[in-house]
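Each of the two complexes below includes chain A, the first together with chain B, the second together with chain C.
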Partner chain A sequence: MGRMTDLPTKGGFSFDLCTRNEMLLKNGVQMPPFRKTGTTIVGLVFQDGVVLGADTRATEGPIVADKNCEKIHFMAPNIYCCGAGTAADTEAVTDMVSSQLQLHRYATGRESRVVTALTLLKSHLFSYQGHVSAALVLGGFDVTGPHLHTVYPHGSTDTLPFATMGSGSLAAMSVFESKYREGLTREEGIELVAEAICAGIFNDLGSGSNVDVCVITKGKTEYLRNYQLPNPRTYISSKGYSFVKGQTEVLSTKITPIQPKVEAVEAGDAMEE
Partner chain B sequence: MGDSQYSFSLTTFSPSGKLVQIEHALQAVGSGQTSLGIKAANGVVVATEKKLPSILVDETSVQKIQLMTPNIGVVYSGMGPDSRVLVRKSRKQAQQYFRLYKEAIPVTQLVRETAAVMQEFTQSGGVRPFGVSLLIAGYDDNGPQLYQVDPSGSYFSWKASAMGKNVSNAKTFLEKRYTEDMELEDAIHTAILTLKEGFEGQISGKNIEIGIISADRKFRVLSSSEIDDYLAEVE
Partner chain C sequence: MDLDLSAPHSMGTTIIGVTYNGGVVLGADSRTSTGMYVANRASDKITELTDNVYVCRSGSAADTQVISDYVRYFLHQHTIQLGQPATVKVAANLVRLLSYQNKNMLQAGVIVGGWDKYEGGQIYSVPLGGTILRQPFSIGGSGSSYLYGFFDQAWKEDMTHEEAEQLVVKAASLAMARDGASGGVVRTVTINAEGVTRKFYGGDTLPLWHEELEPTNSLLDLLSSSVPEPMST
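For the complex of A and B:
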C-alpha cells in the first residue's frame, strides 16, 4: 500500500545506551548509584470496596523535590492506582493505560475491570524487562467486586487483601499486619490506611508530608486529597525576616576596581542622522 | 462525457477537474439512510433513521450514533462499516491529543483530524474514499457545535443540516423551522418532525435514533422509550 502518510515514530525504550554502558563498565567506569525515590503507598479491601493511600513527598536523592505531589493516579472512574518508584515512569505508564482503558470502554460499552488494567500494566512492564521502574498498587471496584493488586517493575503481580509498596512499605506493613482484619467498615478502613501512611511518613526518610486517601465503592469513588496534614509548617515568623547591616560579622574587605575594557569613543553625530 | 475514462482511478483528475471517485462516494452517501443535526442555543441534537433489513434483526444490537469523546458524538449517512473505522481512528486520535496536551480535544480539532483521515484516503494508492458523510456534534468551551465531514475530507460548520436519501426535503424543512434561539427541547422536536417528513412506515422509538448533548457536556444516545415519549409530545 503506497500510503503517503508519515509513519508514527516507533515509540518505546531505545536500548542503544546499554551497549555503551557495558563498554564503559569494562573500561573501569563506575555506574552512578541508583536514586532511591522513596514513597509509602498502601491499599486495603474493606467490606464495601477498597481504600488506597499514599504519602505526598517526591524526592531527588536527599532533596525533597515536591512536598505535596499526587501519587494516586486516575485509571478509570472506578479504578485508581498508587505509584512508587521513578515518578516519570509511574505517571507515564498510568496515563498510557488509562488512555487504553478509555478506548476499550468505547469499544465495549462497558465499565472497565480491574483485571484489564492489571493485565495492560503487567504486559507493558514485562516487555521493558524492569527498566520502567514503576511499582504500583492498583485498586478498584467493578462488576465482579472489589479488587486490590500490586504490580512490580518486572511485571509480576500479586492479588492481596492489603498491600504496601515503596521505601516506607515495611513501616506501613507493620501497621497492617497487626491491625488488619476482614470486614472493616469504611471509617475503620480509612483510619487504618491513614495510620499506615503516617507510619511511613514518620519512620522513612523517603516518605513525608501529607496523607492522600482514595475510597472506591460500588458506583462511587471519593478522592480525599490531603486527608491528613500531619506536617504543617511551623515557626513562620509573621513579621518576616530582616537582615540589618552589621548583623553579619565582616572578616575581611577587598575592593578591586574594574578596568574598563572599552575606551569611551568621542561622541560623534553618527546617531543624529 | 470524457469523465468516464477517469472514473475508476481515484488518484487521477478528470479533464473537468473532478475526482470522479469522490463524486461516486457522495452518491453512496446520498443513497444512505437520512440523518440530520440541529444546533440549538444550549446544545446539539443529531438524529437518524434506523431502518433494519428485516424484522428478524435485533435492533438493540445496532447503534448508529456513537461517542468519540464524552462530549463529542457522531452520526453518519452511507456505509456503516466505513463509519465504524472512522470512529475508531477518531477515538484514538482524541486520546493521543489528550496524552500530548492534557486537554480534552476541542471539537474543531477532532473534526479537522477526522477530515484529514478522510482526505488521506482520496490521495493514496490502493485505497478508496470512505462512503460516509459524518455529522459531528459536540459541546466544548466554544459552545455547541455541529460539523459535517464529506468523503472528500471537506468539512463545514452548520446550524442545521441533513444528509442521505431525503436530503433536499429535509433541508428545506429545516430552513423553514430553524431559529437562532431555539432551545434543545425544541430542536429535538424539530429533528423528529424532519425525520417524520420522509419516513416510510410507522415511526417509533425502535426505528430512529437520537443523540443529544446539552450544557452538561455529556453526549448521550436517547433510549427507545425516551424517543417514544418525545414522539408522543410531537403528535
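For the complex of A and C:
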C-alpha cells in the first residue's frame, strides 16, 4: 500500500526513454499497439476437478499476431492459469508466480495450493493498481479439493463454479449460464468448455483459431493442446507448391565478389599463467 | 451503452448491518460489476475478519479485499498477543486506520459488525474517507440511497433475531429492485454469543415489489399468450 521510499542515488528507474517517447509522439510517430490476447478464456468445476479452456489468437490492434498461441500457462503441476489482457503481462506475471510457487514447494515440501497462487497474483496486481493488464482464470486441484478463481487487473478475485474472462467472455458466459450444472462428468465438462470457447471464437473478433483445454483432477493434469481445430485453412493446394528453377524470369544479373579484408595484427604478449 | 470490460471491478452494492437484542445481523446483495457487465452475480460481500467480527464490503472490490486481508492478519496477531478474542471496536478501528491513512488511493465503504463479551452486538460504519461511527444500524453502498426513508420508518430498538433478519432481507430486496448496481441473491450473517450463522436467500425467494415481474424463462411466454394469426400470402 502506498509507502514513500527514497529513490537511491545510483540505479533505480532511468526515465531517458520516456523523454524519447514523448519526443517521438510530438513528431507524429505513433506508439505501436500492445500485443493483447483479445481472448476467450473459461474455467469450470466438474465432479472430479476443474477444466480450463482458451482460444489461441493473439492480436496487435487489428492484426492477428499469433494464430496459435498458448494462453493456458503452467503454474504448478496441479495448477494452471489462463490469461487475458496484455500478452506480456499475463506471461510475465504467471511465470513469476510459477517460480515463486516452486521455491515455496521446496521450502515447505508440499504440493502447491491454489489459494497460494491466488494470493501471490492478487498482491502483485494490486500493488500495480491495474497497470499490469492481466485478467486471469486460475484453476487447480490441491489437498483441499478443486478450486476455480478469477483474478482481475486491479487485484480483486472471485471464487466461482464457472467463469469466463476476456473480450469473448460474454459469448462464453451465455453458453455456461444456459448449460452449466453441478456434478458434470469429465466428458460433459470438456464438451461444455469447448462449446463456450467456440462461442467466443466465432462471435468475438478478438478471439479465434483453435481451442485449448486443460483438465486438472486429483493427482493428474491433462493439457489438451489444440483440442479442437474449428478453423482449418480452406483451399490448401493438395499438390503442394513447387518452385522450379527457370520459372521466374531473370531480367538482369550483377555479380559483386566480396573482397575479404585481412589485416595482420601484431601479436601481443603471450598469456602468462 | 458501452460495456467497459476494463473498468475496475466495483461492487455497486447494498450493504446493511443492524443490531438486535443479542447480536447483529449483517446483510448484502451479491452483484459485482465491471462497468455495465455483471462480473459476478453471486459474490460474497460479507467477509470474515475473526470468528466474531465480520465486515460488509462496498466500493472497489480490489481495495476492500486487500483491506480485509490486512485487517484479518493484524487481528490474528492482536488476538495472539491479547490472549482473548479481539473486540469489534478494535477490528473497526483497524479498518478505519487503513481507510483514513490511504484515503487518496482507496475507494472503500464498509460496515464492520460483530459480537464481543464487553459490549455485545455492535455495528461500526466506516464510509469513504475513513470516518468511524458506531450506530444501532447502518446502510451502505449505492443501493442504500433507497433505504434511508425505509429504515427511518421500519427500524426499532431491541428487535428479536427473526425481526432483524426479516428487516435486513426486506430492505436488501427493496434496494435491489431499484438500484441497477445491486442484485443477485441476498446473503446474511448473524453474529451473537452462540456464534455465527450464514443464510442464503435465492432470487426467487425474495418478495416482488411494485411492477416487478415474476421470474420466467422468457418474456416471449408472456407476450405470445394468445394463438398467433396464421400467415397468409
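Going forward, the second predicted complex is superposed on the first by the 200 of 273 C-alpha atoms of A that agree within 3 Å, B and C clash if a C-alpha of one lies under 4 Å from a C-alpha of the other, contacts with A are read in each partner's own complex, and residues count from 1 in each chain.
As a convention for this text, a contact is a pair of C-beta atoms (placed from the backbone, for glycine too) under 8 Å apart; a residue touches a chain by one contact, two chains touch by 3 or more.
In this text the structure is predicted, and so the values were computed from the model without any measurement.
After overlaying the two complexes on the shared chain, residue contacts for A:99 are found with chain B alone; chain C is out of touch. With both structures placed on the common chain, the touch criterion links A:155 to chain C but leaves chain B unconnected. In the superposition on chain A, no contact is made by A:86 with either chain B or chain C.
Using the contact criterion defined above for the overlaid structures, shared-chain residue A:59 touches neither chain B nor chain C, since it reaches no partner. Put chain B and chain C next to each other and count what each touches on chain A; the higher total goes to C. Shared interface residues of chain A (contacting chain B in one complex, chain C in the other): 1-2.
Listing the residues of chain A that touch chain C in their complex gives 1-2, 122-123, 125-126, 129-130, 133, 150, 152-158, 160, 167, 169-170. Listing the residues of chain A that touch chain B in their complex gives 1-5, 95-96, 99, 102-103, 106-107. Remark: chain B residues 66-68, 88, 91-92, 95-96, 98-99, 120, 123-127 touch chain A in the complex.
Residues of chain C touching chain A in their complex: 3, 5-6, 8-9, 32, 34, 37, 39-40, 42-43, 60-62, 65-66, 70, 98, 102, 104-105.
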